[in-house]
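In what follows, subunit A forms one complex with subunit B and a second complex with subunit C.
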Partner chain A sequence: MAVSLLSCLASRAPAPVFAAIGPGWQAAVERLLARTGLRGALTPRDAGILLVAGEMPDNTAEALNRVHDQLPRPRAILRWTRSHETVDDIAARIGASWRNLGAIDEQDLLPDQPPNEWKCVGPHGQGGKGMMGGTPYGRPMAMTGEDIRDGLQLDRYTARIGPFAPMLPPGLVLEVTLQGDVIVAATVQHQPFAQPADVDAPELCAARMLRLLGLGGPARRAVRGGRPGGLWVRGAVPRGLGMIEGAGDARDRLAAFLRGDSPVVAAFDLPGLLPGLEWSEAMLVLASVPPSAVLRAASLPEDA
Partner chain B sequence: MQTLIILLGWTVLAWLVVRASQPPADATAPQSAPFLGGGTAGTHAWQRYHFRPYTMTLLFIAFEMEMMFMYPWAVVFVSEGIVALAEMGMFLAILSVGILYGWREGVFRWQ
Partner chain C sequence: MTAVLLALAVLATLMLGAVLAVAMDRRIAQLAAGLARQRIETEAPDRLNRNLAPVWYFALAAAGLSVVPFAPGLALLDSPVGIVIWGACEALTIVAVFLHGWSPNAPFPLIGAYRYVAIGLPVMLPSMFVLIAAALPAQSLSLLAIVESQREMWNVTRQPLGLPLFTIVVLTLTLRGPMDFADAADIATGTSAEESGAARVVWEVARAAMLVSASAIAATVFLGGPLGPVLPGPAWLWIKTAALMAIFTWLGHRVARTTPSRMLTILWVILLPLSFVHLAIAGVIAL
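Showing the complex of A and B:
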C-alpha cells in the first residue's frame, strides 16, 4: 500500500520525455513538449519515456538503438507516426505510460559489450604510441594538435554528435573536433531531416534559443504564443556572434524572432562558421538560424 | 564528544557524496557510453584543455592573501602604531609585484 501511494505521488511529476524527432515532425514535437504535465529531457538518462516521432530512415536505426539503450529502466517507448493523432492524444498516451511505467519491460537493443575490445600493440594489450600507450577499448587517446586561438598545443577530441542531439536540428550528424570546448573543425556527415515550413515559425525559433540560454519557462511561454517575459533576454546572447552577411548576428536574429519576423538567411558556410567558437556559442548560432536555412547550408557541400 | 559527532557526520556525508557520484552498478555498456545524440566518439574524452580562469585566479589569490593577512593586522593596528603600518606597507609592496606582473601581461584587458 505504501508503494502504491508513493507511485501515486511520483506519477504526478511531469513526465520526462526524450524526443527522437524524425522527418516532418519537429514542429509538432516542439509544441507537444511545451505542454504542462510533461517536460522535454535533455539527455536520455534524465528521461523515462522515449518518444519516436515519425518514420526514421534506416541509416539512423543504430543511433536510435543507442539512444534507446541509454534510457535507464524502467522505460517506455512511444511511437507517434500517424498524423491524425493529435497533440492531445499523444499527451494523454504519454501520461498513461508514465503512470504505468514498469509494466512492460523494455529490453536492450544493443549487446552489453563495449563497442571495441581493448586493443594495443602487444599480445597482452600493452604498448602503443606516445606517453599514453595503446588504444583502450578500440578508441585512441586524444592526441595534441595546434590550438587555433593562440598557437599552443592541446589535445583534440573527435566525436560524431548524432542525429538525435536535442541542441542540434534533428537528423544533423556533425563530426566535430574539440579542444576543450572550442570547436576546431566541423563537418556535416548527415544532413538534417527535411521539415515542413511551419518549423521556421518565429516563436519556435525563439523558443529554441531561449532553451539553450537556460530560460525554459520563457521558452514554453513563447511556444504557446505569449510573450516570453524575462528581463532583456536578448542581452543573454553575446553581440557579434554568428555574423552572417545579410542576416546580422545572433542577437539581431533573436530580436527578430521575438518581434514575430522570420529573417531570411541566405546561404552560408556551415562548416566555416563553427570553428573557433565555444560549444555553447556554436549551439546558439545554429539555433539562431531558421532550420530551413540550416538544411540548405548543410546540403551545399554535396552539390559542390 | 561534540567533535566526534561532527567528524562522524562529515564522514557519512562524504561517503554519501562518493556513492552518489558513482555510476549505477547495473549500468550496461551502452549506458556507460557518453551521450552524443546517438553518435559515436572518435577518441577518449580524457584530454588536456586550457585553464581559462587563470587570470582571474591570479588576481583572486593576490587579493585574497592580502585580505586574509589584513584581518588580524587590522585588529592590532591601532595599538601597534606606525611600525605596523610600515610592515603592512612592505607586505603590500610584495603583493603588488604580482599584480604588476599580471597588469603587464594584460590580465586587465577585456577580451
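Showing the complex of A and C:
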C-alpha cells in the first residue's frame, strides 16, 4: 500500500528536465521549462529527462555524452530538433517519457573509467610539486599560487566549465582558475552558441538573473509574462558589480529587464571582466548581459 | 511513562512536521519520485561522511527539539541549559552541511561547503546574543523557565528585534532562500550538486526536519511556546510552530539572495552589532 501511495504521488511530480541547449534554441527551451508540469533541473543528478535542443556541433559530443551519463537511472534522452514541433508537442513528449521512464531507461554512453590514464610523474606520481598540483587521471589538482587580493599563497584550482553548465550561456566553455570561489584567471575556450534575437527578450534576461538570486518561482512568472514579485530583488545585486560603459552595472541592467527594457551593451572584454570577482558575482554579471552581447564579447580576439 | 510519551511526541512532531514542511514547499510528489531513482556515487567520495551527513543533520534537529517544552514545565530533556544545547545543535549544523559538501569530492559541492562555513559563523554569533537576551527576563538558560517568563508578555513584544534576527538564523540553518549559500543555483545546487535519488530525498527530509526544530525553538523563545488559552499546551506549540514554518517558507521563496561577500559584510557590520545592541537593551531592561 505504501509503495502504491508513493507511485501515485511520484506520478504527479513535474518532469525534471536537464536541458542541453544548442544553437538557436535557448529562448524556446527557457519558455518551455517555465510551463507547469516541467521542472528545469540545475544539475543532471536531479533530472530524469535529458532534453537535447537543436543540432549540436560535433565538438560537443563528448561533453553531451558525459552529461547524459550523469543522469541517474532510469533516464531518457529526448531530442528537440524539428522547428515544426511546437512547445506543446515537446511538453507532451516529455510528460509521456517521464511517466514511462522505467520502460525507456537508457544505458551509459561512455565507459565507466577515468578520461585519462594515471600519469606516473614526480615523487607522488601525479606530477606537480610535492603532494599538490599535477593532473592525475586527467583531473587538475589544486596548486598554491599568489592570492590576487592580498598576496598570500593560496590554493589555485583550474577547471573547464561548460558547454552545458546551466549557470552559463549555452555553448560557452570557460577555463577558470579559482582561489576559493574567487576567479583569478578566465579564458574563453568555446564561444556561446549563436541564438536568435528573441533570446535577448527582457523577461528571459530577468528570469536568468532571478534564478541566480534564488527566486525560481518569480523567474517562472517573469517568463510567462506575469509580474515576478519577490522582495529585495534589485537591492540584492551589489551596486557597481559588472560595470560596463554605457550599460551601467548589473543592478541597472536587472532594473531595465524588469521594466521591460533591453539595454544596449557595447563590446566589452569578457575574460577581462571576470578576474577578481567571486564565482557567484561572475555568474550574475554574465546573466545581466543579453546573450547576444556575451557572444560578441566572447568572440573578441584576445588582444582586443 | 511521561518520558516515553514525550519521546514519541518529539519524534511525531519531527516526522509530521517534516511532511508539512515539504508540503509547504509543494515538493511531496517530487521527493516521492526521487525515491525511485538511482543514487550515483562520485568517483572517489568520502563514503562514511557522505552517508552520515544527512543523519547528523536530522539528529541535530531531533536533539534541538528535545529541549522544547510541549507543555508548561514538561520537556523531554529538562535541562537547566536548554539554550546552550540548542546553540550546540546550531553550531554542529555547520559541520553537517560542510561534510555534505565535502564528501562527494567534487568542485561545486566543495565551494558550497566552504561558503556555508563562511556564512554560518557570523550567523551563529547574533543567534547566541538573541537567545541570551530572551533568557535574561527568565534569569535562566532553561527553555522551561523562558516559557514561564512569558506568561505576562511574549518575548516577541518585549524584545521586538529578537524574532526578526532569529529568522535569519532559521533561514541559514535550513538552507533557505536569501541564506541558502550552500545549495545556490550558481553552483548547480552546491553541496547537493552530486546527490541523486534517495540520498537527495533524505537530505531534503533532514532539511525539512531542521525547519520544524528551529521553528519550534522560535515559537518557544518568542511566542510563549505551549502557553495559550483553551487548547492544551502541545496544540498551541504545534500551531505556533506551523505558523512560523509557513512564514519562513514564504520568506525563503520570496526574498532574493545577495552575493556571499555582500552578505558577509551585512552580517558582520550590521546584524552582529545590531544583535549586540539588542542584548544590551534587554540587559538594561532586565536589571
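Quick note on the criterion: the second predicted complex is superposed on the first by the 274 of 304 C-alpha atoms of A that agree within 3 Å, B and C clash if a C-alpha of one lies under 4 Å from a C-alpha of the other, contacts with A are read in each partner's own complex, and residues count from 1 in each chain.
To be clear about the criterion, a residue touches a chain if its C-beta (ideal position, glycine included) is under 8 Å from a C-beta of that chain, and two chains touch if they have at least 3 such contacts.
What you see is a predicted model; the values in this text were computed from it and never measured.
*Asks:* Do subunit B and subunit C fit side by side on subunit A after the overlay, or clash?
*Replies:* clash
*Asks:* Is A:R12 touching the first partner subunit B, the second partner subunit C, both, or neither of them?
*Replies:* second
*Asks:* Applying the document's definition of touch, where does A:R45 land relative to subunit B and subunit C: first, second, both, or neither?
*Replies:* both
*Asks:* Please indicate which partner A:W279 is in contact with in the superposed arrangement: first for subunit B, second for subunit C, both, or neither.
*Replies:* Touch partner of A:W279: subunit C, not subunit B.
*Asks:* Quick one: classify A:G230 as touching subunit B (first), subunit C (second), both or neither.
*Replies:* second
*Asks:* Name the contact category of A:A34: first (subunit B only), second (subunit C only), both, or neither.
*Replies:* neither
*Asks:* Report for A:P114: first if it touches subunit B alone, second if subunit C alone, otherwise both or neither.
*Replies:* both
*Asks:* In the superposed arrangement, does A:A63 touch subunit B (first), subunit C (second), both or neither?
*Replies:* So A:A63 only meets subunit B here.
*Asks:* Between subunit B (first) and subunit C (second), which does A:A297 come into contact with in this model arrangement: first, second, both, or neither?
*Replies:* Neither partner.
*Asks:* A:L215 in the overlay: touching subunit B, subunit C, both, or neither? Say first, second, both or neither.
*Replies:* Touch status of A:L215: second partner only.
*Asks:* Overlap of the subunit B and subunit C footprints on subunit A, residue-wise?
*Replies:* 43, 45, 70, 72, 114, 157, 159, 165-166, 180-181
*Asks:* Enumerate the contact residues on subunit B facing subunit A in the complex.
*Replies:* 24, 28-50
*Asks:* Taking the complex as given, what residues does subunit A use to touch subunit C?
*Replies:* Going through subunit A, the ones touching subunit C are 6-7, 9-14, 16, 39, 42-43, 45-46, 48, 70, 72-74, 114, 157, 159, 165-167, 178, 180-181, 210-218, 229-233, 235-238, 241, 278-281, 283-284.
*Asks:* For the complex, which residues does subunit A have touching subunit B?
*Replies:* Interface residues on the subunit A side: 20, 43-45, 60, 62-64, 66-67, 69-70, 72, 108, 110-115, 136, 139-144, 147, 152, 154-166, 168, 173, 175, 179-181.
*Asks:* Taking the complex as given, what residues does subunit C use to touch subunit A?
*Replies:* 28-30, 32-33, 35-40, 43, 107, 111, 114-115, 177-178, 180, 184-189, 192-197, 200, 251, 253-262
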